[in-house]
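After this come two complexes, each holding subunit A, first together with subunit B and then together with subunit C.
Entry: the complex of A and B
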(Lines of atoms letter the chains of each structure in order from A and count residues from 1; the text may use other names and numbers.)
(Lines give C-alpha, C1' and ligand atoms only; values in the text may rest on other atoms or scores of the structure.)
Protein backbone atom coordinates (compact mmCIF):
# COMPACT_ATOMS: atom_id res chain seq x y z
CA UNK A 1 0.00 0.00 0.00
CA UNK A 2 1.90 2.99 -1.35
CA UNK A 3 0.01 5.63 0.61
CA UNK A 4 -0.19 3.75 3.89
CA UNK A 5 -0.11 6.21 6.75
CA UNK A 6 0.69 5.95 10.42
CA UNK A 7 -1.49 7.93 12.80
CA UNK A 8 -1.49 8.29 16.58
CA UNK A 9 -4.38 9.27 18.81
CA UNK A 10 -4.28 10.04 22.50
CA UNK A 11 -7.58 9.89 24.37
CA UNK A 12 -8.42 10.67 27.98
CA UNK A 13 -12.16 10.48 28.64
CA UNK A 14 -13.67 7.69 30.74
CA UNK A 15 -16.46 5.55 29.23
CA UNK A 16 -19.90 7.19 29.01
CA UNK A 17 -18.59 10.61 30.07
CA UNK A 18 -18.32 12.73 26.93
CA UNK A 19 -19.09 12.83 23.23
CA UNK A 20 -15.36 13.13 22.60
CA UNK A 21 -15.11 9.36 23.03
CA UNK A 22 -17.59 8.77 20.22
CA UNK A 23 -15.84 11.27 17.96
CA UNK A 24 -12.48 9.65 18.72
CA UNK A 25 -13.91 6.22 17.89
CA UNK A 26 -15.35 7.59 14.64
CA UNK A 27 -11.95 9.02 13.66
CA UNK A 28 -10.14 5.78 14.51
CA UNK A 29 -12.73 3.81 12.52
CA UNK A 30 -12.18 5.96 9.41
CA UNK A 31 -8.41 5.48 9.66
CA UNK A 32 -8.85 1.73 10.25
CA UNK A 33 -11.03 1.38 7.14
CA UNK A 34 -8.25 3.01 5.11
CA UNK A 35 -5.80 0.34 6.24
CA UNK A 36 -3.64 2.79 8.17
CA UNK A 37 -1.39 1.76 11.02
CA UNK A 38 -2.83 3.32 14.15
CA UNK A 39 -1.67 3.75 17.70
CA UNK A 40 -4.13 4.73 20.40
CA UNK A 41 -2.76 5.76 23.77
CA UNK A 42 -5.59 5.60 26.31
CA UNK A 43 -4.80 7.32 29.56
CA UNK A 44 -6.60 8.49 32.69
CA UNK A 45 -10.28 7.47 32.43
CA UNK A 46 -9.88 6.21 28.86
CA UNK A 47 -7.82 3.32 30.22
CA UNK A 48 -11.20 1.79 31.18
CA UNK A 49 -12.59 1.83 27.64
CA UNK A 50 -11.23 -1.65 26.91
CA UNK A 51 -11.99 -3.13 30.37
CA UNK A 52 -13.13 -6.70 29.68
CA UNK A 53 -15.70 -6.91 32.49
CA UNK A 54 -18.01 -4.22 31.17
CA UNK A 55 -21.51 -5.68 30.89
CA UNK A 56 -24.58 -4.36 29.11
CA UNK A 57 -27.75 -4.06 31.19
CA UNK A 58 -31.52 -4.09 30.84
CA UNK A 59 -33.57 -0.99 31.70
CA UNK A 60 -36.35 -1.79 34.16
CA UNK A 61 -37.46 1.85 34.36
CA UNK A 62 -38.27 1.89 30.66
CA UNK A 63 -39.48 -1.75 30.65
CA UNK A 64 -36.78 -2.93 28.25
CA UNK A 65 -34.97 -6.26 28.57
CA UNK A 66 -31.31 -6.75 27.77
CA UNK A 67 -31.85 -7.26 24.03
CA UNK A 68 -34.29 -4.35 23.69
CA UNK A 69 -32.03 -1.98 25.61
CA UNK A 70 -29.04 -2.99 23.44
CA UNK A 71 -26.76 -1.07 25.76
CA UNK A 72 -23.45 -0.16 24.14
CA UNK A 73 -20.24 -1.24 25.85
CA UNK A 74 -17.01 0.47 24.79
CA UNK A 75 -14.95 -2.74 25.10
CA UNK A 76 -16.89 -4.03 22.08
CA UNK A 77 -16.09 -0.85 20.14
CA UNK A 78 -12.38 -1.27 20.90
CA UNK A 79 -12.43 -4.94 19.85
CA UNK A 80 -14.33 -4.05 16.66
CA UNK A 81 -11.85 -1.32 15.76
CA UNK A 82 -8.93 -3.74 16.13
CA UNK A 83 -10.70 -6.23 13.83
CA UNK A 84 -11.58 -3.51 11.32
CA UNK A 85 -7.96 -2.38 11.09
CA UNK A 86 -6.78 -5.96 10.53
CA UNK A 87 -9.47 -6.62 7.93
CA UNK A 88 -8.29 -3.63 5.90
CA UNK A 89 -4.59 -4.47 6.01
CA UNK A 90 -3.60 -2.15 8.82
CA UNK A 91 -3.14 -2.57 12.52
CA UNK A 92 -4.38 -0.89 15.65
CA UNK A 93 -2.00 -0.85 18.58
CA UNK A 94 -4.22 0.03 21.55
CA UNK A 95 -2.08 0.94 24.55
CA UNK A 96 -3.54 1.49 28.00
CA UNK A 97 -1.52 3.62 30.39
CA UNK A 98 -0.36 1.14 33.04
CA UNK A 99 -0.50 3.52 35.98
CA UNK A 100 -4.00 4.65 34.96
CA UNK A 101 -5.09 1.00 34.69
CA UNK A 102 -3.78 0.18 38.17
CA UNK A 103 -5.40 3.24 39.72
CA UNK A 104 -8.77 2.15 38.37
CA UNK A 105 -8.45 -1.64 38.75
CA UNK A 106 -9.15 -2.24 35.07
CA UNK A 107 -6.20 -4.47 34.19
CA UNK A 108 -8.35 -7.11 32.47
CA UNK A 109 -8.63 -5.66 28.98
CA UNK A 110 -9.99 -7.14 25.75
CA UNK A 111 -7.56 -9.15 23.58
CA UNK A 112 -5.41 -7.11 21.23
CA UNK A 113 -4.80 -4.29 23.69
CA UNK A 114 -1.70 -3.92 25.79
CA UNK A 115 -0.29 -2.10 28.75
CA UNK A 116 2.19 0.74 28.25
CA UNK A 117 3.44 4.10 29.44
CA UNK A 118 3.61 7.69 28.20
CA UNK A 119 6.96 6.74 26.67
CA UNK A 120 5.00 4.63 24.18
CA UNK A 121 2.98 7.68 23.19
CA UNK A 122 6.20 9.59 22.60
CA UNK A 123 7.65 6.79 20.44
CA UNK A 124 4.42 6.48 18.45
CA UNK A 125 4.27 10.24 17.87
CA UNK A 126 7.87 10.24 16.71
CA UNK A 127 7.15 7.65 14.03
CA UNK A 128 3.69 8.87 12.95
CA UNK A 129 2.60 11.09 10.09
CA UNK A 130 0.37 12.91 12.55
CA UNK A 131 -0.66 12.77 16.20
CA UNK A 132 -3.95 14.03 17.59
CA UNK A 133 -4.18 14.64 21.32
CA UNK A 134 -7.77 14.75 22.55
CA UNK A 135 -7.71 16.08 26.08
CA UNK A 136 -10.55 16.00 28.58
CA UNK A 137 -10.95 19.78 28.96
CA UNK B 1 3.83 28.36 5.66
CA UNK B 2 2.37 25.64 7.84
CA UNK B 3 -0.93 23.86 7.45
CA UNK B 4 -3.26 23.64 10.43
CA UNK B 5 -6.43 21.73 11.17
CA UNK B 6 -8.11 23.11 14.28
CA UNK B 7 -10.90 20.91 15.64
CA UNK B 8 -13.49 22.63 17.84
CA UNK B 9 -15.86 20.51 19.93
CA UNK B 10 -17.25 22.97 22.47
CA UNK B 11 -20.49 24.91 22.41
CA UNK B 12 -19.37 28.55 21.89
CA UNK B 13 -22.17 29.76 24.15
CA UNK B 14 -21.02 27.53 26.99
CA UNK B 15 -17.33 28.38 26.90
CA UNK B 16 -15.32 31.50 26.05
CA UNK B 17 -12.56 29.12 24.97
CA UNK B 18 -14.36 28.76 21.65
CA UNK B 19 -13.97 32.47 20.91
CA UNK B 20 -10.26 32.38 21.78
CA UNK B 21 -9.87 29.35 19.57
CA UNK B 22 -11.42 31.21 16.64
CA UNK B 23 -9.07 34.13 17.29
CA UNK B 24 -6.15 31.66 17.19
CA UNK B 25 -7.39 30.36 13.83
CA UNK B 26 -7.66 33.91 12.47
CA UNK B 27 -4.19 34.85 13.76
CA UNK B 28 -2.61 31.75 12.22
CA UNK B 29 -4.25 32.59 8.91
CA UNK B 30 -3.16 36.23 9.12
CA UNK B 31 0.44 35.05 9.55
CA UNK B 32 0.21 33.25 6.21
CA UNK B 33 -0.67 29.73 7.28
CA UNK B 34 -3.25 27.46 5.69
CA UNK B 35 -5.98 27.03 8.33
CA UNK B 36 -9.11 24.90 8.50
CA UNK B 37 -11.48 25.05 11.46
CA UNK B 38 -13.51 21.86 11.82
CA UNK B 39 -16.62 22.07 14.02
CA UNK B 40 -17.79 18.85 15.67
CA UNK B 41 -20.18 17.91 18.51
CA UNK B 42 -21.68 20.99 20.21
CA UNK B 43 -19.35 23.36 18.34
CA UNK B 44 -21.71 23.10 15.36
CA UNK B 45 -24.30 25.05 17.38
CA UNK B 46 -22.16 28.13 16.71
CA UNK B 47 -22.42 27.56 12.98
CA UNK B 48 -26.12 28.51 12.84
CA UNK B 49 -27.01 31.81 11.21
CA UNK B 50 -28.29 33.35 14.44
CA UNK B 51 -25.14 32.42 16.36
CA UNK B 52 -22.62 33.54 13.76
CA UNK B 53 -22.02 36.92 15.34
CA UNK B 54 -20.31 35.17 18.26
CA UNK B 55 -17.12 33.17 18.13
CA UNK B 56 -17.28 32.39 14.44
CA UNK B 57 -17.81 36.06 13.70
CA UNK B 58 -14.16 36.55 14.65
CA UNK B 59 -13.27 34.66 11.50
CA UNK B 60 -15.16 36.99 9.19
CA UNK B 61 -12.87 38.05 6.42
CA UNK B 62 -9.90 36.14 7.81
CA UNK B 63 -10.03 33.51 5.08
CA UNK B 64 -10.17 30.53 7.42
CA UNK B 65 -11.96 27.54 5.93
CA UNK B 66 -14.80 26.58 8.29
CA UNK B 67 -16.29 23.09 8.08
CA UNK B 68 -19.13 21.56 10.14
CA UNK B 69 -19.41 17.83 10.77
CA UNK B 70 -22.51 16.48 9.00
CA UNK B 71 -23.16 13.84 11.68
CA UNK B 72 -23.05 16.42 14.49
CA UNK B 73 -25.44 18.66 12.53
CA UNK B 74 -27.89 15.80 11.99
CA UNK B 75 -27.73 14.81 15.67
CA UNK B 76 -28.78 18.35 16.61
CA UNK B 77 -31.40 18.80 13.90
CA UNK B 78 -29.56 21.63 12.16
CA UNK B 79 -30.33 21.69 8.43
CA UNK B 80 -27.77 22.97 5.93
CA UNK B 81 -29.91 26.03 5.11
CA UNK B 82 -29.62 27.18 8.74
CA UNK B 83 -25.84 27.48 8.53
CA UNK B 84 -24.10 30.85 8.52
CA UNK B 85 -22.46 32.04 5.32
CA UNK B 86 -19.00 30.64 4.86
CA UNK B 87 -19.66 27.40 6.77
CA UNK B 88 -19.57 24.23 4.69
CA UNK B 89 -20.86 20.79 5.65
CA UNK B 90 -18.18 18.09 5.67
CA UNK B 91 -17.65 14.50 6.69
CA UNK B 92 -15.34 13.60 9.56
CA UNK B 93 -13.13 11.92 6.95
CA UNK B 94 -11.68 15.36 6.23
CA UNK B 95 -9.89 15.27 9.57
CA UNK B 96 -8.21 11.98 8.67
CA UNK B 97 -7.35 13.40 5.22
CA UNK B 98 -5.55 16.28 6.88
CA UNK B 99 -3.83 14.04 9.42
CA UNK B 100 -2.61 11.77 6.62
CA UNK B 101 -1.31 14.84 4.85
CA UNK B 102 0.77 15.60 7.93
CA UNK B 103 -0.92 18.81 8.96
CA UNK B 104 -0.66 20.12 12.49
CA UNK B 105 -3.93 18.99 14.03
CA UNK B 106 -5.14 20.51 17.29
CA UNK B 107 -8.22 19.63 19.36
CA UNK B 108 -10.08 22.02 21.63
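Entry: the complex of A and C
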Protein backbone atom coordinates (compact mmCIF):
# COMPACT_ATOMS: atom_id res chain seq x y z
CA UNK A 1 0.00 0.00 0.00
CA UNK A 2 1.72 3.14 -1.24
CA UNK A 3 0.16 5.44 1.33
CA UNK A 4 0.44 3.11 4.36
CA UNK A 5 1.07 5.10 7.49
CA UNK A 6 2.46 4.26 10.89
CA UNK A 7 0.64 5.99 13.71
CA UNK A 8 0.96 6.13 17.47
CA UNK A 9 -1.78 7.10 19.90
CA UNK A 10 -1.61 7.50 23.64
CA UNK A 11 -4.87 7.66 25.56
CA UNK A 12 -5.55 8.10 29.25
CA UNK A 13 -9.24 8.10 30.08
CA UNK A 14 -10.79 5.22 32.03
CA UNK A 15 -13.67 3.29 30.47
CA UNK A 16 -17.09 4.92 30.48
CA UNK A 17 -15.85 8.25 31.76
CA UNK A 18 -15.32 10.46 28.78
CA UNK A 19 -16.18 11.11 25.16
CA UNK A 20 -12.47 11.30 24.41
CA UNK A 21 -12.32 7.50 24.50
CA UNK A 22 -14.92 7.19 21.75
CA UNK A 23 -13.13 9.86 19.71
CA UNK A 24 -9.91 7.89 20.02
CA UNK A 25 -11.67 4.68 18.97
CA UNK A 26 -13.09 6.45 15.91
CA UNK A 27 -9.65 7.55 14.84
CA UNK A 28 -8.10 4.14 15.49
CA UNK A 29 -10.93 2.46 13.59
CA UNK A 30 -10.34 4.69 10.55
CA UNK A 31 -6.62 3.96 10.68
CA UNK A 32 -7.26 0.22 11.07
CA UNK A 33 -9.59 0.19 8.04
CA UNK A 34 -6.90 1.93 6.02
CA UNK A 35 -4.50 -0.87 6.87
CA UNK A 36 -2.13 1.33 8.82
CA UNK A 37 0.31 0.08 11.41
CA UNK A 38 -0.92 1.46 14.71
CA UNK A 39 0.43 1.53 18.22
CA UNK A 40 -1.84 2.47 21.09
CA UNK A 41 -0.19 3.16 24.43
CA UNK A 42 -2.98 2.92 26.99
CA UNK A 43 -1.83 5.03 29.90
CA UNK A 44 -3.39 5.60 33.31
CA UNK A 45 -7.16 4.90 33.29
CA UNK A 46 -7.04 3.72 29.68
CA UNK A 47 -5.10 0.66 30.84
CA UNK A 48 -8.50 -0.68 31.91
CA UNK A 49 -10.04 -0.41 28.45
CA UNK A 50 -8.88 -3.90 27.51
CA UNK A 51 -9.63 -5.49 30.90
CA UNK A 52 -10.95 -8.97 30.16
CA UNK A 53 -13.47 -9.04 33.00
CA UNK A 54 -15.70 -6.22 31.79
CA UNK A 55 -19.28 -7.49 31.59
CA UNK A 56 -22.32 -6.02 29.85
CA UNK A 57 -25.62 -5.70 31.68
CA UNK A 58 -29.35 -5.41 31.07
CA UNK A 59 -30.96 -2.03 31.62
CA UNK A 60 -34.29 -1.75 33.36
CA UNK A 61 -34.46 2.02 32.82
CA UNK A 62 -34.08 1.44 29.08
CA UNK A 63 -36.52 -1.45 29.35
CA UNK A 64 -34.10 -3.84 27.73
CA UNK A 65 -32.80 -7.23 28.77
CA UNK A 66 -29.17 -8.24 28.46
CA UNK A 67 -29.40 -9.26 24.84
CA UNK A 68 -31.53 -6.31 23.79
CA UNK A 69 -29.33 -3.76 25.55
CA UNK A 70 -26.25 -5.16 23.82
CA UNK A 71 -24.17 -2.98 26.07
CA UNK A 72 -20.82 -2.09 24.51
CA UNK A 73 -17.80 -3.01 26.59
CA UNK A 74 -14.51 -1.40 25.57
CA UNK A 75 -12.59 -4.69 25.68
CA UNK A 76 -14.69 -5.79 22.69
CA UNK A 77 -13.78 -2.61 20.84
CA UNK A 78 -10.09 -3.26 21.48
CA UNK A 79 -10.32 -6.89 20.36
CA UNK A 80 -12.33 -5.93 17.27
CA UNK A 81 -9.92 -3.16 16.30
CA UNK A 82 -6.98 -5.55 16.51
CA UNK A 83 -8.78 -7.92 14.13
CA UNK A 84 -9.83 -5.09 11.82
CA UNK A 85 -6.27 -3.86 11.48
CA UNK A 86 -5.08 -7.36 10.59
CA UNK A 87 -7.92 -7.90 8.13
CA UNK A 88 -6.90 -4.77 6.24
CA UNK A 89 -3.22 -5.58 6.02
CA UNK A 90 -2.04 -3.53 8.98
CA UNK A 91 -1.60 -4.16 12.66
CA UNK A 92 -2.64 -2.71 15.99
CA UNK A 93 -0.15 -3.08 18.81
CA UNK A 94 -2.20 -2.30 21.93
CA UNK A 95 0.15 -1.70 24.85
CA UNK A 96 -1.06 -1.21 28.41
CA UNK A 97 1.24 0.75 30.70
CA UNK A 98 2.38 -1.88 33.18
CA UNK A 99 2.46 0.22 36.33
CA UNK A 100 -0.97 1.63 35.45
CA UNK A 101 -2.27 -1.93 35.07
CA UNK A 102 -0.84 -2.94 38.45
CA UNK A 103 -2.25 -0.05 40.43
CA UNK A 104 -5.70 -0.60 38.93
CA UNK A 105 -5.67 -4.38 39.25
CA UNK A 106 -6.52 -4.88 35.59
CA UNK A 107 -3.80 -7.29 34.57
CA UNK A 108 -6.17 -9.65 32.75
CA UNK A 109 -6.48 -8.10 29.34
CA UNK A 110 -7.98 -9.43 26.14
CA UNK A 111 -5.69 -11.47 23.88
CA UNK A 112 -3.62 -9.51 21.41
CA UNK A 113 -2.74 -6.77 23.87
CA UNK A 114 0.49 -6.58 25.84
CA UNK A 115 2.04 -4.95 28.87
CA UNK A 116 4.61 -2.22 28.29
CA UNK A 117 6.26 0.93 29.57
CA UNK A 118 6.85 4.56 28.54
CA UNK A 119 9.88 3.38 26.60
CA UNK A 120 7.46 1.60 24.26
CA UNK A 121 5.57 4.83 23.66
CA UNK A 122 8.77 6.66 22.90
CA UNK A 123 10.03 3.89 20.59
CA UNK A 124 6.72 3.74 18.72
CA UNK A 125 6.56 7.53 18.37
CA UNK A 126 10.09 7.63 17.00
CA UNK A 127 9.15 5.31 14.17
CA UNK A 128 5.72 6.78 13.45
CA UNK A 129 4.61 9.23 10.83
CA UNK A 130 2.50 10.95 13.47
CA UNK A 131 1.74 10.66 17.17
CA UNK A 132 -1.43 11.83 18.88
CA UNK A 133 -1.75 12.12 22.63
CA UNK A 134 -5.27 12.36 24.00
CA UNK A 135 -4.75 13.27 27.63
CA UNK A 136 -7.22 13.17 30.49
CA UNK A 137 -8.49 16.46 31.91
CA UNK B 1 18.60 11.55 15.99
CA UNK B 2 15.52 11.40 18.26
CA UNK B 3 12.57 13.59 17.38
CA UNK B 4 12.57 16.78 19.40
CA UNK B 5 9.31 16.69 21.36
CA UNK B 6 7.55 19.28 23.49
CA UNK B 7 5.20 18.00 26.17
CA UNK B 8 2.41 20.47 26.95
CA UNK B 9 0.61 20.21 30.26
CA UNK B 10 -2.27 22.51 31.17
CA UNK B 11 -4.36 20.50 33.65
CA UNK B 12 -3.18 20.59 37.22
CA UNK B 13 -3.59 18.24 40.19
CA UNK B 14 -5.99 15.87 38.48
CA UNK B 15 -4.73 12.75 40.22
CA UNK B 16 -1.51 13.82 41.89
CA UNK B 17 -2.41 12.40 45.31
CA UNK B 18 -3.12 8.85 44.14
CA UNK B 19 -0.29 8.83 41.63
CA UNK B 20 2.09 10.74 43.93
CA UNK B 21 3.11 12.78 40.90
CA UNK B 22 1.69 14.28 37.74
CA UNK B 23 1.47 11.47 35.14
CA UNK B 24 2.54 13.68 32.25
CA UNK B 25 5.61 14.91 34.15
CA UNK B 26 6.34 11.35 35.24
CA UNK B 27 6.15 9.90 31.76
CA UNK B 28 8.37 12.71 30.46
CA UNK B 29 11.03 11.62 32.94
CA UNK B 30 10.58 7.98 31.98
CA UNK B 31 10.89 8.70 28.26
CA UNK B 32 13.91 10.93 28.86
CA UNK B 33 15.50 7.94 30.52
CA UNK B 34 14.66 5.93 27.42
CA UNK B 35 16.56 8.38 25.24
CA UNK B 36 13.92 10.95 24.40
CA UNK B 37 14.76 14.51 23.40
CA UNK B 38 12.09 16.24 25.44
CA UNK B 39 11.06 19.62 26.75
CA UNK B 40 8.06 20.58 28.85
CA UNK B 41 5.66 23.52 28.67
CA UNK B 42 3.49 24.31 31.70
CA UNK B 43 0.44 26.42 30.97
CA UNK B 44 -3.00 26.98 32.42
CA UNK B 45 -3.43 25.55 35.89
CA UNK B 46 -0.32 23.40 35.49
CA UNK B 47 1.88 26.48 36.02
CA UNK B 48 1.20 25.98 39.72
CA UNK B 49 3.35 22.84 39.59
CA UNK B 50 6.37 25.15 39.47
CA UNK B 51 5.60 26.86 42.77
CA UNK B 52 8.45 26.16 45.13
CA UNK B 53 7.88 24.36 48.42
CA UNK B 54 4.30 23.18 47.92
CA UNK B 55 3.41 20.65 50.56
CA UNK B 56 0.71 18.01 50.24
CA UNK B 57 1.89 15.96 53.21
CA UNK B 58 -0.26 14.94 56.16
CA UNK B 59 -3.18 13.41 54.27
CA UNK B 60 -4.86 10.46 55.92
CA UNK B 61 -8.13 8.67 55.10
CA UNK B 62 -9.53 6.49 57.84
CA UNK B 63 -6.08 6.08 59.35
CA UNK B 64 -4.45 5.17 56.05
CA UNK B 65 -1.72 7.80 55.90
CA UNK B 66 -0.18 9.12 52.69
CA UNK B 67 3.46 8.62 53.50
CA UNK B 68 4.76 9.82 50.13
CA UNK B 69 2.90 12.93 49.01
CA UNK B 70 3.39 14.32 45.52
CA UNK B 71 6.33 16.72 45.22
CA UNK B 72 5.77 18.05 41.74
CA UNK B 73 8.04 21.06 42.17
CA UNK B 74 10.89 18.73 43.08
CA UNK B 75 9.99 16.47 40.15
CA UNK B 76 10.35 19.43 37.79
CA UNK B 77 13.71 20.36 39.29
CA UNK B 78 14.84 16.77 38.82
CA UNK B 79 13.67 16.81 35.19
CA UNK B 80 15.67 19.96 34.55
CA UNK B 81 18.75 18.36 36.10
CA UNK B 82 18.39 15.62 33.49
CA UNK B 83 18.43 18.13 30.68
CA UNK B 84 14.71 18.65 30.11
CA UNK B 85 13.94 22.33 29.52
CA UNK B 86 10.82 23.44 31.39
CA UNK B 87 8.92 26.44 30.07
CA UNK B 88 6.20 28.36 31.89
CA UNK B 89 3.69 30.73 30.30
CA UNK B 90 4.16 34.02 32.12
CA UNK B 91 0.62 35.33 31.84
CA UNK B 92 -0.83 32.08 33.20
CA UNK B 93 1.29 32.47 36.32
CA UNK B 94 0.42 36.17 36.73
CA UNK B 95 -3.32 35.49 36.30
CA UNK B 96 -3.10 32.96 39.10
CA UNK B 97 -1.32 35.37 41.43
CA UNK B 98 1.97 33.50 41.25
CA UNK B 99 4.96 35.78 41.57
CA UNK B 100 8.27 35.04 39.89
CA UNK B 101 10.00 34.68 43.23
CA UNK B 102 7.66 31.85 44.18
CA UNK B 103 8.76 29.65 41.32
CA UNK B 104 11.52 27.08 41.31
CA UNK B 105 14.84 27.98 39.73
CA UNK B 106 15.81 27.04 36.21
CA UNK B 107 12.51 27.65 34.43
CA UNK B 108 12.29 29.41 31.10
CA UNK B 109 9.44 31.92 31.14
CA UNK B 110 7.76 32.68 27.86
CA UNK B 111 4.93 35.06 26.99
CA UNK B 112 1.69 33.56 25.70
CA UNK B 113 2.44 35.20 22.37
CA UNK B 114 5.63 33.19 22.20
CA UNK B 115 3.97 29.77 22.33
CA UNK B 116 3.59 29.38 18.57
CA UNK B 117 7.27 30.18 18.04
CA UNK B 118 8.21 27.71 20.74
CA UNK B 119 6.14 24.99 19.04
CA UNK B 120 7.88 25.70 15.74
CA UNK B 121 11.18 24.64 17.25
CA UNK B 122 10.02 21.06 17.82
CA UNK B 123 9.40 18.05 15.58
CA UNK B 124 6.43 17.01 17.68
CA UNK B 125 4.14 18.68 20.21
CA UNK B 126 2.26 16.36 22.57
CA UNK B 127 -0.58 17.94 24.54
CA UNK B 128 -1.40 15.79 27.60
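For the reader, a short list of remarks on this structure follows.
Definition applied: the second predicted complex is superposed on the first by the 134 of 137 C-alpha atoms of A that agree within 3 Å, B and C clash if a C-alpha of one lies under 4 Å from a C-alpha of the other, contacts with A are read in each partner's own complex, and residues count from 1 in each chain.
Criterion: a contact is a pair of C-beta atoms (placed from the backbone, for glycine too) under 8 Å apart; a residue touches a chain by one contact, two chains touch by 3 or more.
Not measured: the values here are computed from a predicted model.
With both structures placed on the common chain, the touch criterion links A:122 to subunit C but leaves subunit B unconnected. Looking at the shared chain after the overlay, A:11 reaches neither subunit B nor subunit C.
Legend: residue contacts after superposition of the two complexes on their common chain; A:38 is shown touching neither subunit B nor subunit C. Once the two complexes are overlaid on the shared chain, A:47 sits clear of subunit B and of subunit C alike. Judged by the touch definition given at the top, the superposed model places A:136 against subunit C, while subunit B stays out of reach. Under the contact criterion defined above, the residues of subunit A that touch both subunit B in one complex and subunit C in the other are 131, 133, 135. The touching residues of subunit A, counted against subunit C in their complex, run 10, 12, 43-44, 103, 117-119, 121-123, 125-126, 131, 133, 135-137.
Of all residues in subunit C, those touching subunit A in their complex are 2-3, 5, 11, 14-15, 18-19, 23-24, 27, 30-31, 33-36, 124, 126-128.
The residues of subunit B lying in touch with subunit A in their complex are 7, 9, 40-42, 71, 92-93, 95-96, 98-103, 105, 107. If you check the complex, the residues on subunit A that touch subunit B are 3, 5, 7, 19-20, 23, 26-27, 30-31, 34, 36, 129-135.
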